[in-house]
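Next, two complexes with chain A in common: one pairs it with chain B, the other with chain C.
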Partner chain A sequence: MFKLLEGPQTLGRGRMFWACFLVVLAGALAYPLFADSYDVGNFAYFLIWIFMALGLCLMWGYGGMLSFGQTLFFGIAGYGYGVLAINMGGGTATIAALVLSVVLAMMAAGILGYFMIWGGINGIFFGIVTLSATLVLAFFLGQTAGPEWHIGPARLNGFNGMKGMDPLTVGDFYIEGSALYYVMVALIVIVYLALRMLVNSGIGNVIVATRENPQRAEMLGYDVRKYQLLTFVIGSGLAGLSGALYTSWGQFITPSSIGLPAAAMPIVWVAFSGRSDLTATLIGSFLLLFGFQTITVYSQQAALVLMGALLLATVMLAPQGFVLGIGKLVADWLRGRRRGDGDVVAEAGRLQSEES
Partner chain B sequence: MSAEVFSVFYQFADVFAFLILSAAGLAIVFGMMGVINMAHGEFIMCGAYVTVGLVNLGVPLPIAQILAAVTAGLIGVLVEFLVVRRFYKRPLDSLLATWGLSLIVTQSMLLIVGSAVRGIGTPEGSFAVGGYTFSTYRLVLFGCAVAVLAGLYVIFMKTRFGVIARATMQNAAMAKALGARTGRIYAISFGIGTGLAGLCGALYAPTMTLIPTMGATFVVESFVTVVIGGANVLLGTAPAAVFLAMIRMALNASYGQIIGQIGMLVAVILIIRVLPEGLSSVLVRRGR
Partner chain C sequence: MALVEVKGVSKRFGGLTAVSGVDLTVNAGEIHCLIGPNGAGKSTLFKLIVGLYPPTEGSILFDTVDITKERPYARVQRGMSIKMQAPSVFKELPVRQNIQTALQERLSGAERIAEEDRLLTLFNLAPDSDKLAGALSHGQQQWLEIGMALALKPQLLLLDEPTAGMSPEETFKTGELIKSFNAEGMTVLVVEHDMAFVRQVAQRVTVLHLGKIFARGDLESILQDEKVAEIYLGKTHAH
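Let's turn to the complex of A and B:
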């Protein structure tokens, strides 16, 4: 099973790569020992969004489905967590609220995905239908300011957002600050490794085959719609995980984290990073979130202009993504220096024979 | 009784005009080039701002509106030349590029202009049928929507440009081989599309608050109309708008705007299950 951690669908293999992985992980684990709690909280905030980015990377980079609806499922699970946590009364029940809210987002993705995928709509329409649904949810939540909009004791509160839910709790222990940070790091490691295994497994190969050529994959006997739906549900579920964690982190959520321009952000991260690889997405999204947060302190609009410019620059200059491109350059350079150019071709040949 | 009938027609006309005016530009660009212009809302915003700016300078409203549409059209041609042109072979990337553009424009406007711009009131004038009063301007908007459809019919069916444009739409390589300058056709079509977006903004500018993010108010309606309509403006967008307007009108009347919008979205999601290519695929097939 662990063999699947490496494979043709993911970059990064061998001792060198995993050594780097462990060093980064050790650094991440040691970080709260050196930083003050405010910085740790901020760091946890960046990590929240990584799940959403990885989910989009799976759908778009591996599955070829460009979903503009990441914030839709983010919002469903985010509000879902709030409503459930308030209604179930906090405490350890918040863990159940987290799980249920992600399940809720996945069910919504299943329903929306069924109609789109079984209807057979193509790439562009997939994007704009998911975006339309996202914007409608944002508009809807935006006008729920009145007291009549409540689910149990949970008021939706329109543009001001929902608040008053407990953060994730075990017994009497609130998972906040560095505890939340460690939970996030653990979840990211689990999700990252699980996704690596998924895309390198048989299922992952069918997902990639569908991206390359749906008709061909279908002719080979796979019901590509089921694989697409699975990809969409997992990818959207990860957006839901981000949403539920976000609500738990800040104990509030507003419609502005669903509508525009929030809906464009996952696209920018993943496009800039390089959608066709999980590791590139992980690194690139983190860097962008860090940069975005740094600039937002001075001017949110300027940060968003920069995001738009990055998106435009990415598709015009490096459609495969900047982080991925730079990573490949570095890898080629290292390999070329160690063994000379001829070996690179030999390496590629070896990869082929391994697969067969 | 006739007053009630007219009232229903009036509500239908209101929604229909909104759908047609906001979607026509997007549909033309999609129909011709297979590109969805994600900055569509920003061209609408551009039209609205230019209109209000000119009116505040003392230009009469109708002239300001025409100038605003022309401005949006010219900016569209420029955008096509600088950005969109590179992506005809990669439609998904054109989506991303125009979305990036949309982010840049909206947020820059927020930075430069700020959120408050002095608006212009809706042109006065109302008339009464039976016991109800209606705003004349809303009917003017309906007239404009019908005029846009008629204008597009004339341009695409009755002119030399239209013939070449339709040829390019069907088979760009063949049209090019026969001497059509497809690049120029694309640029002009994109300009017409963004010009219509500008017209939409110009026409609705007097009725709404001007904020840089106002484009978002229109994009859902324009997206769903194009999704249902498909690639053909006259045979797709127009019937799609009639259909969606009826659903929306019924729901608006009983449950309010937001339920109307949700109902429209649900209808669209149900319809793509059976008609992924949109209404125009059915209608065009019937017509042959």
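Let's turn to the complex of A and C:
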């Protein structure tokens, strides 16, 4: 099974890669020992969004489905966590609230995905429909300021957002600060490795084949709709995981975390990073989130303009993604290969379909 | 024994009738060629059989089971395997991964790798197995697609113009390969323009003209049919 950690669908293989992976992981684990608690909390916040980025990478880069709906499922699970945590009374039940809210997001993705995929919606229309659903949810939640909008004791609170839920808790121990950071790191490692195994498996082969040529994939006997739905549900579920963790982290969630500016962010992260590779997405998204947050301290408008500029620069200069491009250059350099080698071209193309 | 039975199948696109009331039987174990001039409805009939188009009327049976309403993947799972007219491979994936994707449901582990190697060697693709499929020549892509179709080990191999874009040598080799698959018991239905290729492989021939069956029979009788020569072959080719 661990053989699937390496394969044609993922960059990075061999001892050198995994040694680097362990060094980075060791650094991440040691970070709270040296940093102050404010910075650790900030890093935990950056890591929350990585799941959403990896989910979009799976759907868009591997499956060829550009979903503009990551914040839709982020919101469903985020609000779901809030409602469940408040109604279930906090404490250890928050763990169940986390799991159930992610399941809720996946069920919503299953229903929306079923109608879209079985209805033959693909290409740009996939993005339009998912964006529309996202905006509908954000608009709806913005209209829920009145006291009549509540689920049990949990009030939705319109634009002001929902608050009052407990953070993740085990017994009397609140998972906050460094503990939350370590949970994030552990979850990211698990999700990252699991996704590597998925995309390098037979299922991953079909997902990529469907991106490349869905009719040919069907002519090999695969019901491509099921594979597309599976990809959509997993990718959206990861957005849901981000949403539930976000609500737990801040103990609030507002419709603005679902709306258009928020919905565009994962697209920018993944496009900039390199949508066709999980590692590039992981690294690039983290760097962008770090940069965005640093600039936001001084000017949120400037940060948004920078994100837009980065998206344009990516489209114009590096449609494969900057981080992926740099990663390939480094890999070529390490292998002593010159650009233009057949193998390198094969690898580049294998990981990237311009058509998708 | 009939493996495929097309019964009274018609296909209309708005006011255009591409296929009209066609009855066609492909017997198990034969190489059956479907020929006809441009616009005869060959490719439409092919797409009806593989499930890319739903028929306006009629039914299609595979191994006595009515598959008229089944999607293409379900027909493939029943034992059909298809090579489309234009090369339809995964161009951005390596050649070996194309074959692997076709094989992985049937074989795994060392068995799968051995079969990948066999198919790559059979179609002279082994030296290019790490190349992207899109970097292959047109003829090589045709072979790769036939290889992918064969990887499914089908009862019925459906080939739509398998030699389009191939050199005469490649065309001849393709014909010999198809005959060897047939010798192992595989039924083959070929839509083809190239009469030299049809002469090389066909055991039975059906001629389609203006969406209807114009003639059918063994190769010799079709080649000697004056009416067929008039509508399609050109008299000089019939002799």
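We take it that the second predicted complex is superposed on the first by the 336 of 356 C-alpha atoms of A that agree within 3 Å, B and C clash if a C-alpha of one lies under 4 Å from a C-alpha of the other, contacts with A are read in each partner's own complex, and residues count from 1 in each chain.
FYI, contacts are C-beta pairs under 8 Å (C-beta built on N, C-alpha and C of every residue); 3 or more make two chains touch, one makes a residue touch a chain.
The structure presented is a predicted model; accordingly, all values stated were derived computationally and were not measured.
The partner that reaches more residues of chain A, of the two candidates chain B and chain C, is B. Contacts of A:Pro319 after superposition on the shared chain: chain B is touched, whereas chain C is not.
In the superposition on chain A, A:Val40 contacts neither chain B nor chain C. Once the two complexes are laid over each other on the shared chain, residue contacts for A:Phe115 go to chain B alone; chain C is not touched.
By the touch criterion defined above, A:Pro8 lies against chain C but remains apart from chain B after alignment on the C-alpha atoms of chain A.
In the superposed model, A:Met52 makes contact with neither chain B nor chain C. Of the two partner chains placed by the overlay, neither chain B nor chain C lies in contact with A:Leu195.
Listed in rising order, the residues of chain B touching chain A in the complex are 34, 36, 83, 86-87, 90-93, 95-97, 99-108, 110-111, 213, 216, 219-220, 223-224, 226-227, 258, 261-262, 265, 268-270, 272-276. Those residues of chain A whose C-beta lies close enough to touch chain B in the complex are 66, 112, 114-116, 118-125, 127-129, 131-133, 135-136, 139-140, 143, 259-261, 264, 267-268, 271, 299, 301-302, 304-305, 307-316, 319. Of all residues in chain A, those touching chain C in their complex are 8, 202, 205-206, 208-209, 212-213, 215-224, 342-343, 345-346, 349-350, 352-353, 355.
Of all residues in chain C, only 50, 52, 71-74, 76-77, 81-82, 84, 88-94, 97, 100-102, 104-105, 130-132, 134-135, 148-149, 152 touch chain A in the complex they form.
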